[in-house]
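The chains carry the letters A, B and C, assigned in the order they are written, with residues numbered from 1 in each.
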Amino acid sequence: MKPFKFFLQITTATVLFLTCLFAQAQDIKVVYHVNSDINTASAVLGNVRNHLNADPTVKISLVTHGPGIDFLLEGAKDNKGREFSGMVADLAGKGVQFRVCNNTLTTRNIDPSKVSMEAKIVPSGVAEVARLQAKEGYVYLKP
Amino acid sequence: MKPFKFFLQITTATVLFLTCLFAQAQDIKVVYHVNSDINTASAVLGNVRNHLNADPTVKISLVTHGPGIDFLLEGAKDNKGREFSGMVADLAGKGVQFRVCNNTLTTRNIDPSKVSMEAKIVPSGVAEVARLQAKEGYVYLKP
Amino acid sequence: MKPFKFFLQITTATVLFLTCLFAQAQDIKVVYHVNSDINTASAVLGNVRNHLNADPTVKISLVTHGPGIDFLLEGAKDNKGREFSGMVADLAGKGVQFRVCNNTLTTRNIDPSKVSMEAKIVPSGVAEVARLQAKEGYVYLKP
């Protein structure tokens, strides 16, 4: 029994140590909370691109609601007349996730089929922003 | 002694396991940081209502300072002329907490008696937003 | 061996207990995320001062990018014509850290020598905001 007990203790200590190490080594996960209007969307997507360049392993999820969803709607264009879809597809290809609030779609009477194929619809934008932080280890950033 | 030691080890492992489980199962707590003016207050309270609908167990605390306190002052009305007090009382009845920054009251020379009875006055709004996150396990959301 | 094992178990339990205690007793660290323009800078610095008054042990780091860096540039003045440098030096003397985004300097063609001596340049403002939260135990506040 004695070697077994010793093994147990060493295991416990190792688990604790590795847990700490793991927390340090883990890739960073960030939720970008976006509810500002389409005029700020280019700057937001620029921030995301800069973030990925600075930290290529970062996992970014953009959760949008209210006016924040507009750049993810069919045919949305920036103020230079360029469609957002290209940039969104490019970032999605790099692992960025896009979330659109279903409460916003309902309130504003927007057909879900108008939402970019790169985006996933979630029941509530604010609840998703909170859940990602409280349950999935994301940190918060409001661009 | 041997069974006792074994019991201790099992207990330690169980405590660790339950701590992890508990963190996962715990209700989500969210601080809404509100310092935008009264024109945005209806949207903010709408977000809170949607949040509660999507996650009925969520615990929400609205910490207000600067222009963010205005909807919690006596007689405050939205831009359709409706008093905020009804909505505030309704949300308070559902467990939402309202906090008003005393620094703001002092700077703006507002008598504390003008503050909604549903709200509690805290010494500093920003310090409260930080404290709830660092010491009480709240996650952050700026509506 | 028996006393040694018992010692090990007591140590493990103590470490766990102290870790919890330490987390509670630790000073609060807050990242202020600043990307709003110079007209809001006086209010932001006022928030920081109020925060320090309410919690003198708080550690505050202001991470600036986009228009948020402007109050940290040479000769920047508030809308009453006072230079920001005095207030910045005063807060820096109280331990507040100032960070400026290098991506912003590059995009806006600003010479790094124009940045306040109190501020440190970081490769990416958004990546720094995320890193401080995920790796250094900071909580978030957007003033």
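Here are some notes:
Keep this in mind: a contact is a pair of C-beta atoms (placed from the backbone, for glycine too) under 8 Å apart; a residue touches a chain by one contact, two chains touch by 3 or more.
In this text, all values refer to a predicted model and were calculated from it rather than measured experimentally.
Fitting chain A to chain C on C-alpha positions gives a rotation angle of 120 degrees, to the nearest 5. For the touching copies chain A and chain B, the fraction of interface residue numbers used by both falls below half; the interface is of the different-residue type.
Work out the mean CA point of chain A and of chain B, and you get 23 Å between them. Multi-chain contact residues of chain B (touching two or more other chains) are listed as 5, 9, 12, 16, 140, 142. Chain A makes touch with chain C in their complex at residues 2, 5-6, 9, 12-13, 16, 24, 26, 28-30, 43, 47-48, 50-51, 53-55, 58, 139-143. Listed in rising order, the residues of chain B touching chain C in the complex are 1, 5, 8-9, 12, 15-16, 33, 35, 65-66, 103, 123-124, 126-127, 129-131, 133-135, 140, 142.
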